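Quick one: this structure, given as structure tokens, is what I'll be asking you about.
Per-chain numbering from 1; labels A, B, C and D assigned in written order.
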């Protein structure tokens, strides 16, 4: 009896029965979807920060403390974007696609038990329901790919279908083992059956499920649908604004859903010591999600034929064998004692070794004979970067000192030293120095000096050409203007400007200048 | 060190096989007639193992073009520079069938210098667009009227 | 659940189902037609839910929507001129004839059968009942099931062998 | 049984995340298999060869920065070598060594960029790219210290280099050279044995040695095909004959070998820089060259091993202060000769990987 049913029973005392059904359902739906969207926002934030750390960056840290408002800022940005509908596309298909992609992801949560009684609907066919619903999302992807009238999105849609159909098979088969042990399709009873988390009793099933699930939600290395380097953004290439936001949300809602399913099926759901069950559940969900983006930030993408080959030639037979072994075990030891986990882990290891030994992904060229050792090596490298200091510079709060010789954004002109010889103008390769002189008492007097810094190359040849040390590079590096004309600097501005000379071509000036910030300073200094 | 083969020596060798091909030779290069270029190039490739075409350059000398072929042998590490003169409206034989590496270089020259290569499989403008008038690397080209 | 809710849902589902089925037949744009087919399958699943046949409903979605409809759409993507539909009307008469014969047969069957309507509402899960009906040792269909399973497995393995890289 | 399918033409670029600039490939697919590919150039054509004819010999140096902007130092180097050959100018020893140090650092920086971008093309989520950018940043710091810029260095001058190095340069360089092999090791851990990388790159886009030579391929791409041809060894310029280094060659000439050769070349470059630092003599860095250089009538071709291949400059002088003809032998462009042949029959994703492994810089391709 879950919370929802209690609410209904209580309401039924006062209200007509249809209302007593409808109202709690609506309330629960509202609460659940709000919660899910909040978690999804947190997911987006966590992933961006996490991937940032894997890549020695800081990740978003500007909006709000530690950047936690970044998803909100993103949302605001996305929602104010222009809504574009491709004129040659199929308008209605195009418009409906994001909705159809998003709702199945949301609907999965109806049967996810966050805690013993916190479940929207404890269906008897819970896991089947999940499989059925999650296969609907592909129709949205598909409609998007088709309705956008774009070749990239069409390629993506084709890939989507192929991928979904292929990975659904090992996905379902890998669950079968769990179902044999727990003897139920209901999510709550599956969790309750897990005195030992099933990933220990079903190590092979867990691995297959995890991989196939990553493929189902198009996570790297299976993100062929939106492969940026190949088909740019794939099926959602033509989407903007709210419609794009829905796809984006659908992606992360799916990720959340899949993490929750992994936790429910294999990691013991809400079971845990000390902390409340729901909290345990969420902790586990975040760990699974963390693993997903850890893999994402490490691995490159498979090719489409390798992807299909992997599903059909590797995951599928292994999943079949797993079902077979589990069935035999259930006949011999109907109670499934925990000691079985040793046997099962051994069997899993043996099968993986055997399979990678004679199974080849790319014909005879590459064999997976290393049992994924290279992938694990890669994962350790990215993991070790979690603990390194990010190298991002927090401009503008943190400013680097440029080198003393830095060729900055302006020239520094010394009017007193200048003899008006025009050597700088002659040396300039792009002729941006405009100088006019008249004859004075001692040499030439500069009447006009104009430099167009919009065209300047900052090559420093004018400084080198100056015979009297009247021209220097500047050390500033910020220059921006809304109008090109403002980048033309006149004689008066040169005279008035702050003289921040660079030591370029005059190394004797270097001594008094601050040291350049180096990412890797010489050993004696550090 | 890549050893530049003596142009006069090469000129003599070419002369023995393909008479009248060589017009001149100086300390750097062998000059050949443009009509005989292809035969000379094939001869050099086959007999001196000049299997690597480093670069093709065209220079506009106002009254004629000079096309320069830098040939190298990877096996023996020696090189020969072949020069040809061709008139303003003359066509050059393409060497793509000997060295595939000439493909884009000859298109480059065709586009910017306006020397046509007969026998090139895909001779069309490479950098500039199809309607562009003139060939900018020619000395008599001016940007007025270049836009269509 | 009370009858008002069920009846209302039934009528909504039924109307949508028939309408989408008609759309499948009459739409020229076969991609949209395929999408309406999905909708049609889906409403049928809804009807199963109303009848408390939860397993059947889920199976309907899983197999018809998740697999068959997706395969149909996939096939459509490989076809030319999807938006115009098939312009050829060579089989128009034959199609009409086959359709008419089928319709008449269906009507005869439906009206001619003596339907035994179940009066009481089924309670509890249908899953175990179904399992029992299928796999129980006395009156189940274990042998046919096993044969089907073996056949499918053989088909899969055969397919893999066929596409194996040399 | 062959299905009758309709080929689809897709334009990759000029704006596309993995065409490395404004390059365009007109690709015809049959399903996901490439049946025709036509490269389209020219979106970044600035006519530098023509522009240079109106500049003095010194003024051209900043323009060479803008050819292969990921290897500006190498461009400077090749150009000044050509001018020095033309005008017969002697270069002081110290400047020669500085040039070599800069060119080799540039090679490391450029290869880091090439490999990082290549893995992005393979679909890695920017991680290798970021790691390699980190090391590249250190090299750019060093360049900034020497010449005041991080991208367009304009460091080399006819007859030497513009500046001597500052005091802090050698210790900072020392630290970098000490650390770099460790980082390369880390890249290998991350990538070299990754099964997905192997599956995606091994045997893909094989370029046989004879074809590579015939198509004038140069640089790491040629060496990946198993041809031991490195201009630093075959035709040593500057002081390269004084260093001890190896020329890594690939076995099969596939995409993986091209990646592997670049990684090995980074190792060799650190060796060269180390030796150059030890041998670095004291003295002048710039010989006396007249302000307005008028080389004698004639022509000169100088080529170097740039990170992308044989970078050559062909200069013709008519004894005026400006080059009569300025021609760039652009390795990026010529390496693209075989792009079509490499990609045909492979899938869409492979074409992207092959293009990434060729490592082009559009500013040099289009000039």
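Throughout what follows, a contact is a pair of C-beta atoms (placed from the backbone, for glycine too) under 8 Å apart; a residue touches a chain by one contact, two chains touch by 3 or more.
These numbers come from a predicted model, not from an experiment.
Enquirer: Pick the pair with more C-beta contacts: A-D or B-D?
Expert: Taking the two pairs in turn, the one with more contacts turns out to be A-D.
Enquirer: By mean C-alpha coordinates, which chain is most distant from chain B?
Expert: So the farthest one, by centre of C-alpha atoms, is C.
Enquirer: So what's the Cα centroid distance for chain A and chain D, whole Å?
Expert: Averaging C-alpha atoms per chain gives centres 31 Å apart.
Enquirer: Counting only Cα atoms for the centres, state how far chain B is from chain D in Å.
Expert: 25
Enquirer: Roughly how far is chain C from chain D, going centre to centre by Cα mean, in whole Å?
Expert: Roughly 61 Å separates the two chain centres.
Enquirer: Hey, how far is the Cα centre of chain A from the one of chain C, in Å?
Expert: 38
Enquirer: Any chance you could list the residues of chain A touching two or more other chains?
Expert: 362-363
Enquirer: For chain C, write out the residues touching at least two other chains, lowest number first.
Expert: none
Enquirer: For chain D, jot down the residues that touch at least 2 other chains.
Expert: Touching at least two other chains: none.
Enquirer: Give every residue of chain C touching chain A within the complex, in rising order.
Expert: Interface residues on the chain C side: 1-2, 4-5, 29, 31-32, 35, 38, 54-55, 58-59, 61-62, 65-67, 69-71, 73-74, 77, 83, 125-127, 153, 156, 159-160, 163-166.
Enquirer: In their complex, what parts of chain B are in touch with chain D?
Expert: Chain B reaches chain D through residues 1-2, 28, 51-55, 57, 59-60, 68, 70, 74, 77, 81, 99-105, 108, 112, 125-129, 136-137.
Enquirer: Mind pulling up the chain A residues that touch chain C in the complex?
Expert: Counting only chain A, the residues touching chain C are 16-18, 21, 90, 92-93, 123-125, 128-129, 131-133, 135-136, 138-139, 142-143, 146, 154, 157-158, 161-162, 164-165, 168, 185, 312-313, 316-317, 320, 360, 362-364.
Enquirer: Inside the complex, what are the residues of chain D that reach chain A?
Expert: Per the stated touch rule, the residues are 8, 10, 16-18, 32, 55, 58-63, 65, 119-127, 130-131, 134, 137-138, 141, 144-149, 152, 154, 162-164, 166, 168, 171-172, 174-176, 179, 186, 189-200, 202-203, 291, 347-350, 352.
Enquirer: Show me the residue ranges of chain D that touch chain B in the complex, using the header's touch definition.
Expert: 41-42, 45, 47, 49-50, 211, 213-217, 227, 229, 234-236, 299, 301, 303, 310, 312, 314, 316, 324-325, 327, 329, 333-334, 336-338, 366-367
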